[in-house]
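In the two complexes below, chain A is the common chain; its partner is chain B in one and chain C in the other.
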Partner chain A sequence: MNLTKLIRHDLQCGLFRLRCLLVPPLAALPCLLCLRITDSAGCKSSWAGYMMYCFMGIEPISVQDTMEKAQFPILWLILIIGCLYLHLDYPLNDLSLTGQQIIVRSGNRRNWYLAKCVWNLCACGLYFLMVSLTASLFTVLTGGDLSLNCDAAALKVLYLGETGGKTLPPLTALLLSLILPYLTVSAISLLQMTLCLIMKPIFCFLIGIILLLLSVYWDSPLILGNGAMGIRSSLLISGGVAPGPAAEECCLIIILCMAIGSWMFKRSDILGARD
Partner chain B sequence: MKIDITHATKEIGGSILLDDVTLTLQSGRIYGLQGPNGSGKTMLLRLIAGLIRPSSGSVAIDGKKLGADMDFPPSVGLLIENPAFLPNNTGLKNLELLASLKGTTDSGQIRRTLSRTGLDPDDPRKVRKYSLGMKQRLGVAAAIMEQPDLILLDEPTNALDDKGIACICDILRQERERGALIVLACHDAEILYPLSDEVIKVCDGRVERGQMK
Partner chain C sequence: MMLRCLKTELRKAFQNKMFFCSLLVGSLISITDVAQNAVLVRRMTRILENSSEISKSAEGFSLFVRWIAVNGVTLGSNLFYFVWPILAAIPYGWSWAEERKSGLYAQIVSRVGRRTYFFSKYWAVFISGGAAVSVPVLANLLINALVCPYCVPTVLMAATPITNGYFLSELYYSAPWIFGLLWCGVDFLWGGVAACMCLPAGTRFRHQVMVLLVPFVSLILLDAVCSMAMSIGSLDHLELSPLRLALAAPASANPGWLLFSLLGIFFSVTFLGGYWEVVKHELN
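What follows is the complex of A and B.
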């Protein structure tokens, strides 16, 4: 059985699930806050503004900063953790349902696992699409510009003046608001799926959360979550995380997780829910 | 088809689930696995299906080692633990979905298999509305629809009434006549002994060859 049939099956059975309905309310929280901030400043946010606010994160916390001064990026964290949570259990649930029938028919463990990796990347894509649609809805309802333009006034208001009055080219806005957060979240989600091969899903989920918390307090580009925080990008602040290496790091982790995971899955036991 | 299990031991978390199992199984025969709960019957089925790897020893199918030369037996139908299907699809749709992955079975064959197991192929009900017995019949149908060379069944008569049990026994006899190798785990000796060509007793992970016809 070829890989495409397995991928098609996973996309049919695992992509559109009832729990996806949780995404718009999750995405609406930062959008509402963004709307309140721009409204009080008397300007309107574009689609890119909403998206960048969703995945803004917080500026690097320096050693001199007191904890009272630094705001904890709770909405950013909820939005990213939401994605990790939604994609935590499908592969294991599938193995305890029709997955065993499918995997023995496929005759190939590696293909089954790779299909799950592709599903994971697509499911993260769907998550970001739903966040984008929620942001689009807010933009349209508030009469904002449904585009990648992010004017200096809105940027200054939303990013609390950290950008130094810069405007953002559309491609940069796309990179910071969609591409880098997507790659970062996909990498963490695949890492979580790979870890599920050796430990219980709840512990893998906790590791993902710890990684995100680490990235909040430690702005090293090596800590994955930093790539998903637009405000920490070198395109906005000096000494920030360079987008190129951050994207490369995410791609490397995605590839490594696929390779190591399929190698491990080939050797692991497929037990039932009872075992 | 010939299956050779050689000194296979399976240990998980310090517990020995299968202990030095050595068996040879041949096509055209029904092998019954008998033993108390937790004796290792299901683990033995999982081992033959390629779902678990032996900690030591090997499983070979027609001389090819599972896990080294291939991941799973080339032609296998299985029902292990409870039959699990997509609850929002009909029985027919579930089987069509499974069959489409391999592409060796047409819709007519699937419908005939459903009828053989006593299910109506045109039943519009979703699987979530099925009774336990109907799910069990569907599980057996999924295991045999592609006419596999190897059929592994774990308690296939669970939740079935007398008529259902007789139906499944008839199907298994027909599959044996076709030349399939059938391994069947069942705690009910009244079903297992008349049906099996050989009964293999499983106790604490060890096997003991028993009655042979």
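What follows is the complex of A and C.
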């Protein structure tokens, strides 16, 4: 059984699951808020505007400087954590059902694990596709522009004036609203899957949440979640996180997770693997 | 028989690795909060020592302003009050699903009956979940007392987040230690009901991790819906989200009637749902 066959099996069994129906309601929450904000300001948001609002995030919370209640980016967290949650159990399920048979017949553990990595990347892609489709639905229903053009007025309202009236080129909007969040979420999801080889999945999920919360407090490009927050990008604010290094870091983590994970999976005891 | 079964369940709940892991994670988060407070207190003390013009009062960084259940600003506080449903579920929320899967459930109910099994299981899950949440909160209060100065908060201070309409607000300003201990009790109840949400879910999921995440996912979705309702409707004066009601000082008021009604609703739903799944359902 070669790698492509294993990937095809994983995509058939693990990509379109009933739980994908949870994604549109999750994405609808920030879209509804975005619609409310733009409506009250008397402007209309384009597709890129909705997407950028979904992955806007917040400015870093500074503990020393503020005694006031911090505004917690709950909708951003829900959107990112939703992806981690939906993709947490498929590899475990597969391993406890047909996975062991497949590994025996294919005779190659590394390929089985790499197929799961490809599945993970595709599943994250599907998640973002569904978020994009939800944003498109909102754009069409509210009469907005189904494009990557970001209206400066809407952007200023949505980003609380942080952008200083800048207009974003379409490619920048695509990078901030889709590519960087996708890479960041994929990297965290693969990290979670790799960690599942050495500890219980619930603790891997907790580590993912801790990483995201660390990024809420610190805007260091080394902390993964920062790439998924548009408001922290150097393309929008001065001194922000540069998109290039953030994307490179995510790609590096993805590659490392694939390499280390397949190496570790080769040496792990799969007969005792249940949870 | 019931008491013996409960004792056995409690022993199983408190003497397993998962309980200690949950306690360890909770305590680490709690210590993160103390560390951040220590840095802040040192900085503020230096400022107060070097300046002769400003008030020397330590109210702004008093123990009862910086406590994890009150401050709502530090990483420790935000992290703990975000993941507490997971910490509550980890100790023993998995037990019903695991025992059902392994067949141990059938062995026990053939000896003690389903009802006794359910009641003892429910209370063991409740107590272990409550302990996993309330112990780190209490530990944080005690360890923070080594770092932050004790100073009774005053209503006029901008840093004190509890105002009129909050649960036990009078007690917070008159007897803060009693307030702190009582709040640990409230967190115990929240932890308990959150952990018990795993019981009705135990028959629905194949994997332990998905069962353990049911309280977290349910409460976070409720939080998002409540946030929307609070911002769109005119309910922003009340904190409706159960996830944030575990905080002693959420962004909006948490009157006692709201707190205990929601606790009652959660208790009824988890108890009746669990009873339906464990006692009334056919063994599958």
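One rule holds for everything that comes next: the second predicted complex is superposed on the first by the 263 of 275 C-alpha atoms of A that agree within 3 Å, B and C clash if a C-alpha of one lies under 4 Å from a C-alpha of the other, contacts with A are read in each partner's own complex, and residues count from 1 in each chain.
Definition applied: contacts are C-beta pairs under 8 Å (C-beta built on N, C-alpha and C of every residue); 3 or more make two chains touch, one makes a residue touch a chain.
Worth saying up front: this structure is predicted, and the values here are computed from it rather than measured.
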item: First (chain B), second (chain C), both or neither touched by A:203; value: second
item: Partner chain(s) touched by A:102 [first = chain B, second = chain C, both, neither]; value: first
item: A:44 touches, of chain B and chain C: first, second, both or neither?; value: neither
item: Which of chain B and chain C A:270 touches, first, second, both or neither; value: first
item: Touched partner set for A:92, first chain B, second chain C, both or neither; value: second
item: Of chain C and chain B, partner touching more chain A residues; value: C
item: Common interface positions of chain A, toward chain B and toward chain C; value: 96
item: Sites on chain C touched by chain A in the complex; value: 21, 25, 36, 39-40, 43, 60, 65, 72-75, 78-79, 82-83, 86, 90, 158-159, 161, 206-210, 212-213, 217, 220-221, 223-225, 227-228, 231-232, 251
item: Touch list for chain B against partner chain A, complex; value: 12, 42, 46, 49-53, 67, 70-74, 76, 78, 80-81, 84-86, 94, 97-98, 100-103, 142, 146
item: Interfacial residue positions of chain A with respect to chain B in the complex; value: 1, 5-6, 9, 13, 96-98, 100-110, 266-267, 269-274
item: Footprint of chain C on chain A - complex, ascending; value: 29, 32-33, 36, 61, 63-64, 66-70, 72, 74-75, 77-78, 81, 85, 88-89, 92-93, 96, 200-203, 205-206, 209-210, 213-214, 216-217, 275
